[in-house]
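Pasting the structures here.
Next come two complexes, and both contain chain A; in the first it sits with chain B, in the second with chain C.
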Partner chain A sequence: MSNRSLRAAIPALVWLAIFLLLPVVVLLTAQVEASDISRVLTRQSTWRIAWFSLWQALASVIATFALALPLTWFIGRHQFRGRGVVRAFASVGFFLPSVVVAAGFIALLPTRLHVSLAAMIAAHAYFNIAVVLRVIAPRLETFDIGLLAAARTLGAGALRTFTSVAWPAMRTAVVSAAGVVFIYCFTSYAVVRTLGGVTRNTIESDIAVRAYAIGDLGGAVVLSLVQVVVIATVVLLGRALARDAATAPRRTTLTLTAAAGVRAIVGAVIIVATLTVVAAPLIALAISSLQVGDTWSFAGWRSLIDNGAVAATPESAPAAATSAFALVDSLVTSGRTAVLAAIVALVLATGLARTVVRLGTRGRWLDAVSMVPLIVSPVTLGLGLVVTFDSGWYDWRGTWWFVAVVHSVVGLPLAVRVLVPVWRNVAPSLRDAAAVLGATPRQRFIDIDLRLLRPALVAAAGLVAAVSLGEFGAASMLSRSGAETLPVMIARLLGRTGDLVRTQAFVLATVLVVACVSALLLVESGARNHSHPRDNTHA
Partner chain B sequence: MHLPDVVPSRMRRTLPRTRRTLIGLLVLVTLTAAGCAQDASRSQDNGGADTSTNDSTVTTDAPVTLTLLAHDSFTPSETIFDAFTADTGIVVRVVRGGDAGAIVTKAVVSAGNPEGDVLWGVDNTLLSRAVDANVFTPYVTVHRDDLDAAGVALAPDGVVTPVDSGDVCINYDKQWFAERRINPPLTLQALASANYRNLLVAPSPLTSSPGLAFMLASIAEFGDEWTQWWTTLRDNGVLIVDSWSHAYYSHFTAASDGERPIVVSYATSPPAEVIFADPRPTEAPTAVAALTCFRQYEFAGILRGTKHEAAAQKLIDFLVSRQFQEDLPLTQFVWPSNRNATVPQEFLDYSLRPENPLILDPTIIAARRAEWLDTFSDVVLR
Partner chain C sequence: MLDVVDLTVRRGAQVVVRRADLLVKHGERVAVHGPSGCGKTTLLHAIAGLLAVDTGQILLDGVDITATAANRRGIGVVFQDDQLFPHFDVAENVAYSLRVQGVARRERRRHADDWLERVGLGGFAQRTINSLSGGEAKRVALARTLAASPRVVLLDEPLTGLDASLHDRLLIDLRLLFDQLQTTVVLVTHDRDEGAALAHRATEFSALLRE
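Take a look at the complex of A and B:
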């Protein structure tokens, strides 16, 4: 049984080995000498930067929870109209490329705050609202509120009720969310660079400086290993803390209450406040897309649909604007890349998740392996891919689908995160019953598992697609002419001279926001038809 | 990340199994076909190339497609290569791969197995890094005698070919200084004066190519004293940001709501301010301090390991031909390297070409860049 179930995980493991492990190892052997290791480890700035990465990530985790918990509580405990839509909108920040969010913050904030620790941590919190919301709210939904009443009846005080009833049930989800937010903030690059300012360096931003500005590739690769070690240590610590909570109560009936009276008002305030925070930088982006220099103009939008609009600008230099053709091309490329990445990641994640679920507690290592793509530096991975797939039949650097392949690797952890908990709740009794009725294993998998998992599969595919739409690091390394993804195009336009070019960048950013919101709404509608989970013993 | 744990409340009717299988197959076939088509066109290119490699007299039936790797600021007119294709049958595909530092780094790690055939945009601050890594195959262009001699002198054996040049200088907001009746700073030394406290914004040399040029300008100007000057500048409230665009479009008073009227930018920024404006002003709102300029030369070179060497040589010739060079000023705001190229009048009208710019030998830059950047980090960015 064990060997058979491991077999389903093999494609995903091979995929990770080829497109994640191999490039890093190749880069390591090609560029790193023993002296690089001692040089980097003995340099004082290495540890100063590592320390800054660590504490800013912890501070960002706290800020994220402060921003996201009120909404998470309300959504997790209450049923109300438009719940799915609120959840989709609140999540959008996570899927936008950091260049876009940073541009939105800069458009929104007064100049004085453009470069500050506060702006940087606020942007980190903004990004990660979705993580807290999506990891913790489902746990809250299924928490049996009757347990609290029971504890009270038995004489427990508020504090005692919290520490011995509520917290143990929530601990796994909280630690899991904190861990993911921590990883994202620790490896943050564009936000640190743009909003944190040049005096603040994380390991990831120092890797880029070493690799590109200084040309110290050996040092850059060693730093990315330091990063893996630090993150792995912190995450393993977190897992150790959460371990005994693995016996968290089995899910029970959904116990959402309708919001009424004071609660409804409180809820409305929370929703309005959170969505205002989420929307503000995005609205600032949209406003910027309607301005060329200081004047209001639709020129940016016109250039998206009509090449002539740009050409007609009197004698302005041809480079004043990128042609509509190139802009629409990047839209198509992004869409195509996202769809392919989602399909590949879904197939791989399904096999991997199946094995993780089958192996139960023995599958923890596999679960951990599926998270590895999150902690590998995108700069290092991108360079590794350029070095590894460089000749003969495997010179894939110029192909459009290579970016999708890399996105399938980057999106895999999220897809696995979505599938595993849902799969765990598919009652074994259903499969047993089907087996008794004569269904083959293949039939059981298709007719029971896949069918029950469909909403989760849709959700996983949507998330991978959204991640692919927003991914910048690897895409900027591998993107090709006529096949540049939206984030890459936006970053390039923002770096150029000319007001119209900048406006076009904001137009594309606005389009990207709309695309991401649509993908998320699709995910919500995929899940909505099935939003009344049942006690699995009755399913 | 978990989404809501969901288990459907009822079995839903779905497409019949056969139809689902068919759809799946269809998707697979489409994807495979797309992949194969891509491969086929690639191998065709390579086949055509093999016969023409190292022998420019052999003509082949299959059209050669050259990949021109460039930095993100490479923005020629979109149809510029059509004439070249018509003349030679060679198709040019432009691939932009990040800033100048990023493309050079990628060229270095893939030296011998390049991502393209020709690289555009390695400058004199990065040249030695690429040359030392044996990235290029030398070629002396047929236009060599027409090119800017100072640029050619930086790569005398033709390992790369100078394609354009420009100057990184202090720019200031003319109106801001006129309104306050303050004289703008005309030298680097002046920037350290208390008159200009909190007025300068500059991109960091660690993350920006003009930022690096500005640091090198200070080294060319002050020699070993450069760190003292930066210390004074730091105490005088210089704002260092990550990128040129952030400095210019978020902090410079003439181009944003910012509060800094002095910025590190290009000598060609004033014409850009005029030419991109609608309606165009009669004079540029910004001006350049000529004595603060550091000259950047950009080069193009044939990447060692290309399968299309003969075609790549033709492309190098085209890149420094009058036709291509005359397109540069108004599309990329740089000066052509070919001295026979006609520079548009509007560009000449608003541009400043410093006569004695600050310069540094590329080999010295290569040898000490890392050390200088570390020093800069320690002194200015702490």
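Take a look at the complex of A and C:
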């Protein structure tokens, strides 16, 4: 492997070493003693929390599948007008910040359910509709329905046909989707903190409680390790269960049928029901942003721009309402954090992806390294950063840009995942063609690679920005008072009493929905405009 | 004059071109024939500087260019599958060599229009690459290569994939253009008729190898 090939990846590797590896190592070496391990692992509450984390995640997986499978089946097997729009809209929840979804459920549900297990699991299911839809539907789309008929003609009953033909073809996708949903729900933080209340703690939320409320850093780190072990076990289990490469469909063409008759009616009911579920919390959020208590009012929105107007309302006692400046500050903080995180992640991901593509199969290890930020939970990462960069010239905990640094680490794997497949598709012969026309390596990179990657770069930037706008775990650890990001501010407002503060939370959540959907439209337009570099064949 | 001396090229561990010699005089057009996979394209890519040479020399007008980067050799290539840049329009493709030299857009456009006229594609400047037919794409690829004023042009199966009438028409146009420009050309093709129609002389690829 040449040093030149690796050079472009060095900034990203250094970045990950400083802001991911170092904090984790510091956490493990400086904060944990042997006594912490025995103390945490022998305590009954630890196992109670672990058990709750496990079963609420399993219940969330079941709820997610119950909610998403009907639509997944209909979209995966049928062709109909507006199919793409339905799929995009049904996926919206996944891209919304978890704290916004939590706020949406508070706005939607009756007061007695605001803090409840049902709300928690419903929010988890809401998020993960997209995972089931996006992972399982493509497999359904290419499933050859003729195989079922073949099995029936050979004497197999309905159950036998399912277990011997349909299930083997679908197993990988189902297991993958279930695994991903489980991990998301197992490590969920904002939803648990907002909708679970103080009595329901998962390992993830307990890590935060130990680190910040109790000051038990050693205990928090041990719990982080327990969490990593569970996640690794789920990943390995998933890989073992999904080992069915031989049963992958041979055909890759779509085998969709037109929905007609009763199926069309059933499909319409499924679509309307699912999309209603998806839209309901968002509509409730927007409506609640226009209400203070039971009264219709623009006070929440006015407080974004005019502190005086808020002060004029009876609910705006100084202790209850948050000043306009704090709200606007959090908007600005979130905006600039997202922009900086997107820029940094994009620059680093471009170098890393370039090397991964150049190295080909020899670059698999680098591809795997770029995915490492995904297995460290943001809360753990935030914790590591807090204890690592805590003194002297590198005490960056109070700076606004430090949150952007963390978000660039969290967003890096996603940006790499967007760029690498597109880059692999850029035909090397186009660079050759440019070379023989006199282009220097730099000109080739700019004129060929970057030009062809432009839509993917836009998509990657939008994705990182959306992640940054919604990220809660690390931001809640690192945001200093007065410069909170939007999700942190929303969670704080939801945690306080008073009608106006709650309305303000809904206002900010509505703003965040708009910001995230805008970022996602950017991503979608990037994907749609993506020219196919190899498709330079001619009519 | 292009002089390839005792050239050996590997792809990985495999020797694809073993001890090849080829001499092409100024203004001469030489066709190299051979079956698919014999190493014709590899030889062209090595001459163009797109592949590293294992041993041997490539001389252009007496100067050793074996180690010279592809972008500084002054050798043009018309690729088998054209390799037009899909993200540029026709004019920007044709004038790409001027773009990399920093020539202003207006001058590039004038140059592109001029070359498009010469290859019979006047008015195509703003067309997208994906809107071109096979024959039109070949002409754009040729114009792009010639617009760079290369000292030698390498043609890799230039007429493959075209239907018979397009093939014959383009063959005639190519010959007229090369006659007019006195271009030094190395053409590799499996089609002997094509070679005979375009080149001053033809040789088997195997005849280029010393052993």
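To be clear about the criterion, the second predicted complex is superposed on the first by the 303 of 539 C-alpha atoms of A that agree within 3 Å, B and C clash if a C-alpha of one lies under 4 Å from a C-alpha of the other, contacts with A are read in each partner's own complex, and residues count from 1 in each chain.
Just so it is clear, a residue touches a chain if its C-beta (ideal position, glycine included) is under 8 Å from a C-beta of that chain, and two chains touch if they have at least 3 such contacts.
Predicted, not measured: the structure shown is a model, and the values here were computed from it.
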item: Touching partner for A:Thr42 - first (chain B), second (chain C), both, neither; value: neither
item: First, second, both or neither for A:Arg134, with chain B first and chain C second; value: first
item: First (chain B), second (chain C), both or neither touched by A:Arg451; value: both
item: Which superposed partner A:Ile214 touches (first chain B, second chain C, both, neither); value: first
item: More chain A residues in contact [chain B versus chain C]; value: B
item: Touched partner set for A:Arg492, first chain B, second chain C, both or neither; value: first
item: Shared chain A contacts, counted only where both chain B and chain C touch the same residue; value: 451-452, 531-533, 536, 539
item: Touch list for chain C against partner chain A, complex; value: 45, 48-50, 69-73, 75-77, 79, 81-87, 96-97, 99-101, 129-134, 136-137, 144-145, 148, 150
item: Residue ranges of chain A touching chain B (in the complex, touch as defined); value: 27, 30-31, 45, 106, 111, 114-115, 130-131, 134-135, 137-139, 141-142, 173, 176, 180, 193-194, 197-199, 208-209, 211-217, 251, 292-293, 313-314, 316-320, 322-323, 340, 343, 383, 386-387, 390-391, 395, 397-401, 414, 417-418, 421-422, 425-426, 446, 451-452, 454-456, 459-460, 463, 476-477, 479-482, 484, 491-492, 494-500, 502, 523, 527, 529-534, 536, 539
item: Residue numbers on chain A that touch chain C, as the complex places them; value: 427, 429-430, 432-440, 443, 447-448, 451-452, 531-533, 535-536, 538-539
item: Of chain B, residues touching chain A in the complex; value: 1-9, 11-12, 14, 17, 27, 31, 34-35, 38, 42, 67, 72-73, 75-78, 93-99, 101-102, 104-106, 108-110, 113, 115, 129, 204-207, 212, 239-246, 249-251, 256-259, 269, 272, 275-278, 330-333, 369-370, 373, 377, 381-382
